[in-house]
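For clarity, chains are labelled A, B, C and D in written order, and residue numbers in each chain start from 1.
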Amino acid sequence: MNPAAEEKQEKETGRTEAFSDGVFAIAITLLVLELKVPHPPDGGTVSSLSRALLSQWPSYTSFVISFFTILIMWANHHAMFNMVRRIDVPFLYANGFLLLVVTFIPFPTSVLASYLETPAAPVAGAFFAGTYVVLGLAFNLLWATARNRHLLRARVSEEKARELARRYRLGPPLYLIATAASFIHVSLAVGICAALAIFWLVSGRLD
Amino acid sequence: MNPAAEEKQEKETGRTEAFSDGVFAIAITLLVLELKVPHPPDGGTVSSLSRALLSQWPSYTSFVISFFTILIMWANHHAMFNMVRRIDVPFLYANGFLLLVVTFIPFPTSVLASYLETPAAPVAGAFFAGTYVVLGLAFNLLWATARNRHLLRARVSEEKARELARRYRLGPPLYLIATAASFIHVSLAVGICAALAIFWLVSGRLD
Amino acid sequence: MNPAAEEKQEKETGRTEAFSDGVFAIAITLLVLELKVPHPPDGGTVSSLSRALLSQWPSYTSFVISFFTILIMWANHHAMFNMVRRIDVPFLYANGFLLLVVTFIPFPTSVLASYLETPAAPVAGAFFAGTYVVLGLAFNLLWATARNRHLLRARVSEEKARELARRYRLGPPLYLIATAASFIHVSLAVGICAALAIFWLVSGRLD
Amino acid sequence: MNPAAEEKQEKETGRTEAFSDGVFAIAITLLVLELKVPHPPDGGTVSSLSRALLSQWPSYTSFVISFFTILIMWANHHAMFNMVRRIDVPFLYANGFLLLVVTFIPFPTSVLASYLETPAAPVAGAFFAGTYVVLGLAFNLLWATARNRHLLRARVSEEKARELARRYRLGPPLYLIATAASFIHVSLAVGICAALAIFWLVSGRLD
């Protein structure tokens, strides 16, 4: 291929990545909108507002978990794009599907925060973890598209591509376990999701 | 033209595209704000929250349709900018009009989600599809501006420009049919819009 | 100055402009959040939802005016940055003050939409136009900072800089007239603001 | 190190900075969503809407303070990135922690605005100032990571790095004083936060 065409492909890939980055940055910042100013029934005194702010810990917990999960997904998405030489239409829409799930995350986060201390907690936790099942599937689909359509850089060895595919394949079944575990206790689901976030952080490197 | 002026034009065009990309990225991410945490009257049990989350399928449907429509519009907008050599003030404002419609999309999406299962569904569907009529007009206006003001790159043949104009011209009448069809049944309107999204996806290529 | 330092200044300026662009893009897209799904008292029929959507015309009007005003401000801000060679701390904060006003615009827009058809319309219109008085002052401050601190490119003649300063100086008094006119009739205030938007569009060129 | 690897590092650093810039730009723009259209009980007359808009001064005050604090944090964050040659995983997540606190800021800002004139004001002020304690800690952590992991550019002298560390170390204790002072009077807390914003502005330079 000639250098001009190659440069154009680089630009194309860079632009899709910049768009994706924008979506990640906005989704991560919108999470704060799920935190609502509390309105204690007595109108607010030093002690009632303190209690009200502290009693919102489920919101803070799910805010922090979703924040770091999106941040780690961003870092992994970025690491994946570093290995991609060019993009095509199927890759563009596989990436679109991934972004769809990323922009959706504030919603189950908010549902979890609203119901974490209610009898409906198992459903909220399963909805939260279930969203990550779909996110895991989206990552697998994106990577499979990159591999099958020969979009990877020459420097990415077949071996490395396969190793990454193996790692991505862990996501859906593990999040499925978290989803099921929510019906035992919601904190199991949340704990597995937090543990997985740390696992992706440690196992995903920027190289 | 001298190289310095040409470089400046490239930069100018790139910056307008970056601004447009930002607007697309934000509009696509704001769609999630239309998804509201349900509040079942019994305060939430496993079964009532499950039912409440499932009963929001109209919201999810319109979220997904609007997401992919904006994503496809972004890809097409991007493909169009790839063919543009420089921009001028009329093009800037034709592009601004397109962005106005793009930022508006979350609103009819939300209206559709709210009324899909009510007697008012035909109006909501017509409002939704009607917005895409205007979006189609905006695309036609932008392309006509680029052609009439000679803003296209030399490599874009007159034939190709005409072919694209023909394709863009299909949008408004087809979305108008969807708008009218909403008064037969709302799902007809939604179905035509979804089918058109797939058509734009398949017919618009990144070249 | 050596080329390396010059390049660094260019980068610095570009980055502040990119940040400003982001703020403009987000502010312009957030305007849609002021559009609320109507809830007619009968739960929504074909005719009641149609009437309810049409009766929101004040919201649509102020959405469109604010959208185009922010868009034009963006184009003018961009034209100004094209003339700036380097930035310093006072310029950075003068620019910050301008961005403060830009991010504020969705609020008076929303107030105007809520009260356009009520007895409180004159106040809402004055609040709306008054915000543009402050925006005009911010543009003047930014331009004066660029001139007084010798941040302009060599190619910007003193004559041209003075001519632009004259044009920017028109903003505050004209918007002040719009603010006062709101107490005669709100549509006078809105009309002057719309006319001024067109004036900025026509008089501000991307050169 | 070879030039290609160096260039890649520059790109990597630039991309993380662009992502951070996006988060700063969105967080600063979302502040406006905390400003709510007032609804005076009489439906709105010239005098009741005027009074209602004026009585929201606590919202405007906290909007302006948070806006400038985020803007100054952005400028300081940017100045810090200018001194960073490359990033690694610990730095990426230290930066992520900083962004977490930045995206959180609209929430305590909103709480402060809601309770500034109520008996709960001391708690709201302490929550507001306390968030800045954590933000200060995040800045210290980020700078310590950059230093300990040798991520700084060669041109940044050890002396300068130490001087900056000293300055960053001032943040947490001073904001802690503001937090405690809120229990004497909320305006003390707000005043110290505003004074510190001006201090960061003056002491932080873009070099």
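Just so we're on the same page, contacts are C-beta pairs under 8 Å (C-beta built on N, C-alpha and C of every residue); 3 or more make two chains touch, one makes a residue touch a chain.
As the structure is a prediction and not an experimental result, all values here were calculated from the model.
The set of chains touching chain A and also touching chain D is empty. Counting hops only between chains that touch, chain B reaches chain D in a minimum of 2. To fit its Cα atoms onto chain C, chain B must turn through 90 degrees, a value rounded to the nearest 5. Under half of the residue numbers at the interface between copies chain A and chain B are found on both sides, making the touching surfaces mostly different.
The distance from the centre of chain C to the centre of chain D, with each centre set as the mean of the Cα atoms, comes to 25 Å. Centroid to centroid, with C-alpha atoms defining each point, chain A and chain C lie 35 Å apart. Counting partner chains per residue, chain C has residues 18, 22, 26, 30, 33 touching two or more of them.
Remark: the chains found to touch one another pair up as A-B, A-D, B-C, C-D. On chain C, the positions that touch chain B within their shared complex are 18, 21-22, 24-26, 28-33, 35, 37-38, 40, 43-46, 48-50, 53, 63-64, 67-68, 71, 74-75, 78, 201, 205-206. Against chain C, in their complex, chain B makes its touches with residues 12, 15, 18-19, 22-23, 26-27, 30, 33, 87-89, 92-93, 96, 99-100, 103-104, 106-107, 110-111, 114-115, 118-120, 122-124, 127.
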